[in-house]
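Sharing a structure below in structure tokens format, with a few things to ask.
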Amino acid sequence: MAGQSINVCLIGQKFMGRAHSNAYLKAGKFFDLPAELVMDTIVARNRAELDVFAKRWGWKNASIDWREAIKNPLINLVDVTTPNNKHREIVIAALEAGKHVACEKPLAATLEDARIMRDAAKKAKKSKTFVWYSYRRVPAVALAHRLVKEGRIGKIYHVRAYYLQDWAGPNVPLVWRFSKEQAGSGSHGDLGAHIIDMARFITGEEITEVIGAAQDTFIKERTLVTEESKGGISGGATAGSGKKGKVSVDDHTTFLARMSGGAIATFEATRFATGYHNKNGLEIHGEKGALRFNFEDMPYLDFFDRSVDSKLAGWTRIPASRAPEHPYASAWWPTAHHQGYEHTFINMAADICRVLGGEQPEVPIPDFEDAYKTQEVLEAATISATERRGVKISELRRG
Amino acid sequence: MAGQSINVCLIGQKFMGRAHSNAYLKAGKFFDLPAELVMDTIVARNRAELDVFAKRWGWKNASIDWREAIKNPLINLVDVTTPNNKHREIVIAALEAGKHVACEKPLAATLEDARIMRDAAKKAKKSKTFVWYSYRRVPAVALAHRLVKEGRIGKIYHVRAYYLQDWAGPNVPLVWRFSKEQAGSGSHGDLGAHIIDMARFITGEEITEVIGAAQDTFIKERTLVTEESKGGISGGATAGSGKKGKVSVDDHTTFLARMSGGAIATFEATRFATGYHNKNGLEIHGEKGALRFNFEDMPYLDFFDRSVDSKLAGWTRIPASRAPEHPYASAWWPTAHHQGYEHTFINMAADICRVLGGEQPEVPIPDFEDAYKTQEVLEAATISATERRGVKISELRRG
Amino acid sequence: MAGQSINVCLIGQKFMGRAHSNAYLKAGKFFDLPAELVMDTIVARNRAELDVFAKRWGWKNASIDWREAIKNPLINLVDVTTPNNKHREIVIAALEAGKHVACEKPLAATLEDARIMRDAAKKAKKSKTFVWYSYRRVPAVALAHRLVKEGRIGKIYHVRAYYLQDWAGPNVPLVWRFSKEQAGSGSHGDLGAHIIDMARFITGEEITEVIGAAQDTFIKERTLVTEESKGGISGGATAGSGKKGKVSVDDHTTFLARMSGGAIATFEATRFATGYHNKNGLEIHGEKGALRFNFEDMPYLDFFDRSVDSKLAGWTRIPASRAPEHPYASAWWPTAHHQGYEHTFINMAADICRVLGGEQPEVPIPDFEDAYKTQEVLEAATISATERRGVKISELRRG
Amino acid sequence: MAGQSINVCLIGQKFMGRAHSNAYLKAGKFFDLPAELVMDTIVARNRAELDVFAKRWGWKNASIDWREAIKNPLINLVDVTTPNNKHREIVIAALEAGKHVACEKPLAATLEDARIMRDAAKKAKKSKTFVWYSYRRVPAVALAHRLVKEGRIGKIYHVRAYYLQDWAGPNVPLVWRFSKEQAGSGSHGDLGAHIIDMARFITGEEITEVIGAAQDTFIKERTLVTEESKGGISGGATAGSGKKGKVSVDDHTTFLARMSGGAIATFEATRFATGYHNKNGLEIHGEKGALRFNFEDMPYLDFFDRSVDSKLAGWTRIPASRAPEHPYASAWWPTAHHQGYEHTFINMAADICRVLGGEQPEVPIPDFEDAYKTQEVLEAATISATERRGVKISELRRG
């Protein structure tokens, strides 16, 4: 670690670029970290926007040439928040330049890309890799992971995972999120990837089979937008040109799966769950207990403990940042003074810094190998939906 | 017990007459009781309505003369559901006739009446008395009582009791519930009495002082109704005559009180809590734990147990009819197949039957002496609101 | 209708026999009905138990011979609550005897039986048939049906239906509910049937395809019980003989389906959802709005109305028995004085009586033809789980 | 505004010093503000701690001499987060130096101090004053304020305000928060002040009378701590010396009050509400509607609208940062990506900046005159509890 500082090169300045900048800015102010996170270089394509962004967030340097930027020998960590179809090229270059690499989720736009990235990471023995499945660092989710690990749930029978949004009504125009070329996939990679990772993380099990899947594009054509949209989930674009274009991604992907421990799991990712603006959650039921989390009630983890006297048994709503032993709690505000969405990124920046500084993260961060397994499930679900059949994950490994 | 049957004479056939008839009809079908509850005689003033009611509910006899009816030597239990200002006369006569007496709440329209009734009950050594504070028999409330008794809450610091309704908007006409003459009081006796009893029942403590109180009539005049209204909380009357009359009761009574164990308590009874149609509840906080109940979520008791490891501590929502050891659970439907409002009356009829048959009730039923203490608190709060000063309960006993 | 009375012959005296007896006892006391429901004859196999039951509930006659009982010319309605594998024989005989028939759900143990029953009902032109999918008569569910019908949801995108119980842990012995011979199926027919009906009823759409399904027996062997168990969901049996026997039914059935209007639907029925004792519910998301119901919060229907100004939009928790125009509300207690589980049966008995008396039910009651469609879905899901492939409902109709 | 920048001098570096530093750091990164907030000087007593703090947070200068620091002509805004008994001296000096002043709540330790500060602010015509009642800037609270202002609630009947914490069990030692000298008051000034302000802010009414009040010190003696405690609500101290000292502040203050529009209000502030770690909330019921907020569910405002068709009426849970027209929503993350506790401070820093830059704040910020009215209510409640009588606010103004 050069002078106990980690010099970061961040690529991308949209929604995620902002969330990561904020994370690097704040991690060191709240956590006692083994190294200083230095906001060294920000990279983006649009020079004008870039300069404003760099100044606002305090990046020391701003570049429109990522190839140049990542070659800089002072850079330790390259953080990639570009569209998914750009991940591979940048990540491979960064690994070849000997950098540590953090990459936004999903790992790649295709399983092929993901495999190449995973293999490159394996070879780059001095580089550490990280994938921003940031919901792992919601305190309640991290606590759920720990409770399962401690054996409090026992053999798991059911997993119910969902990521429900509702912004994609028929009047929303054809923003980049509806384009396969730009976004890689629709709800599946955007939302489904999060809950696949969350289910794997909390249960400690792998998904071995997609039993059945459906993928639909409810609104097949949308009004074209004339210029690129900016910011927001739905791109903020509201006025269209009148002409229509084809939507090339899924509006929802829903599937039934088998976990390695025998549990049955449902996964539902959609942009058409009217009334749920950002409901990302999971329930698991096991022999000894059950857990329930949903991001609409971010501060809480619900726990049902079968070992409790039946007179007193019930779901306990645990405020997951209440006690000093709760994940990330001691870094933040007093008891029950809530964290918000952005803190998942800050907690992750802190954990990345700990790992690079030789310390343990609060809970495991997925590396490329780990995130590749999530990518396999994405692929299996898509094949299952397309070919209308069950798909074992092991099939994907044969060829 | 004559022939192992309890012959009931019920006085009143309105809302409560119906609830009690249903209770007598059903108790023996669900509970294994030491005696049979026989629906012997129903008494009311309106002959035509009475006959229809008696037939519908299966009462063997119907009478418009309560004095005659309660003298019948076959009657064992007289149950009084008349307006509060009639309680005293009927109850005294029934006690003098050697009957057991059940009386709707509050015990009486005035403290004076209540005192006379209590004293009469004391003298009538062969008679047992019961007051229909039926919310004690909500499974969750009965469970709360038990948990406190088991020492799970410890010294109590706070009590927060409320009974919130919202039916009395400015357009509701001047039905009987707004008349002091007919109803005795407004929200205070109707709703406040329930939560005073509930607080005393659950905590096992007495209220020793009303520290401050307010009583308001928000809508001072209402449209007159030409004929007597029937049924429903608000009497069902919707069309008025155009002329207005004075409201003579309180729309809300809210007070601050001290419990005998040192806790501070708030009591709020109102018909103007827009949005809460029948929210009757209580929270207590003690050294070892806390309890929370509200009738809008009738099946559940929330319990916070301070002895739980702080990593796992939180409010547990206990489904209070889930386990065989839960109050009344084994008489009813399987686990988590909910009871409703009417079951509190059926549970109470069963408990009255048990007591008269020499068995223990599930949880204590208030007798006149017990209910008299609730009446004292009602009185103290009214004095406090009127005279704008604190009132100790002991004051009421001096004179 | 003979003398404006409906003479009922009820077959079965277990859990459902009790629920139906209670329904016949109470319907006429709360509803103004076009005919009197007369509790004429109760039929069961165990003479001793039967006599106690008949006396307790006030059945005029008790018989151990159902064939004889249903031939009685005075009987108008035969109500069948036997194990599913007995439905066909009794129902056919009752139809042939010219009776109206009510049958517990699911319609039959096999699709073959169900088809025969449906066809027999079609031929018996003077008989009306009813299937006890009683959750349709939860006020919130009936309200949901009406809101969809009024067009408040619009085109439906997602359906999420679940019936989650947790009583079947590894220590529960081999009671009748685990035997295919006695119970027909496990969670699928017991719980899944309810939510298939509920989804069809609320959406007004049919299920056209099972895309993928899984059915598991998590606990494959259980301790044998020496005598038949009685009552309760889990049969009440707790002590076993030590020896083990095979479980022959499914512990859960979970499937992915397509609705006729294009929506994607998940159905999950299980006895292994630790922490959920009787959570039966459904969510639907449409173009104009969304609805959410679950039996753990029985009194409420949640509604999201997309037409509301976005500043004020959110899920509204509608107390579904609050207003006079709410289903069944006017028959019962005042505003927000909750109904419970049993009221769904009473409401249904009232509606059956209305239909037989020539009036309209509050909401449609499924007849055999309607219930047959639910049975088809049960069958398709089982085939899908067994053969590991998608199954169109139309396939079942070809052969 | 000197060069369109606001140079801040912050006094205090404990819990609030950290919250304010974070606010100044972030406001400009998320909001488009009329001036730059410059973190110029941090002042505290402990040199060693101060330097670490200043470096961590990026303060340009650090001083242990507040008198010197605030004289600096480059400073525009002095922000005071010292213990309450120090507010007056520093604030007066700052006003005399011609600075704008922001002061933590409550305005002062005594009504006398508050009056002097208010009067000084009135005289200092070029200075603007602000008091950090930061909960006004919870999006849901700001929205509640607006809905009342728009007339959606109508005449208000009831206000129910509470701030419930539970950290002060008998084992907590005698930290500074239990000392009147250091803290000014206990729960009353710490928690009660927030809800008095919140009730005034949301209703737009003043409190005119304290009808009755109680103030208790449940635990009268606590174990002494040998050195000053640091951070956290309870000071983080866990080990005591064995010796005990007297608690000189209130553990709870609960009172009944009258609002200027006629509503009755309850206020409850306590550190002994076992199970509630930071439950700060308010309910109001009016003729046209009702509102409900509590900080345990920070993102939501519940609204009951009486004008809705009664078939559909119910409490609507509004996600208060969902729509672009929601307060502060457009500055932050996409729809329903929650803000946390700290954002109330950042939102306030942004609003202070707007006011100093000549723009409108999102919702009004209390100045000293406004905050003085909250102080009067604090005083009246204390008098009421001590003298056991009702206290009109107007009494306090007579002299």
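For reference, chains read A, B, C and D in written order, and residue numbers begin at 1 within each chain.
Please note the rule applied: contacts are C-beta pairs under 8 Å (C-beta built on N, C-alpha and C of every residue); 3 or more make two chains touch, one makes a residue touch a chain.
All values reported here derive from a predicted model rather than from experimental measurement.
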**Message:** Between B-C and A-C, which chain pair is linked by the larger number of C-beta contacts?
**Reply:** A-C
**Fill in**
The chain whose C-alpha centroid lies farthest from that of chain A is chain B
**Message:** Counting only Cα atoms for the centres, state how far chain B is from chain C in Å.
**Reply:** 36
**Message:** Counting only Cα atoms for the centres, state how far chain A is from chain C in Å.
**Reply:** 41
**Request:** List, in ascending order, every residue of chain B touching at least 2 other chains.
**Result:** 315, 319, 322
**Item:** Overall pattern in which the protein chains touch one another (line/ring/star/complete/other)
**Value:** complete
**Asked** Hey, which residues of chain A end up touching chain C in the complex?
**Response** 157-158, 160, 166, 169-170, 211-214, 216, 218, 251-252, 254-256, 258, 262, 264, 266, 268, 270, 272-276, 285-290, 292, 304, 306, 315, 384, 388-390
**Asked** If you look only at chain D, which of its residues touch chain C in the complex?
**Response** 143, 300, 303, 305, 308, 310-319, 322-323, 325-326
**Prompt:** Quick one: in the complex, what on chain D touches chain A?
**Reply:** 15, 19, 22, 25-26, 28-29, 56-57, 167, 232-233, 277-279, 295-299, 319, 322, 333-343
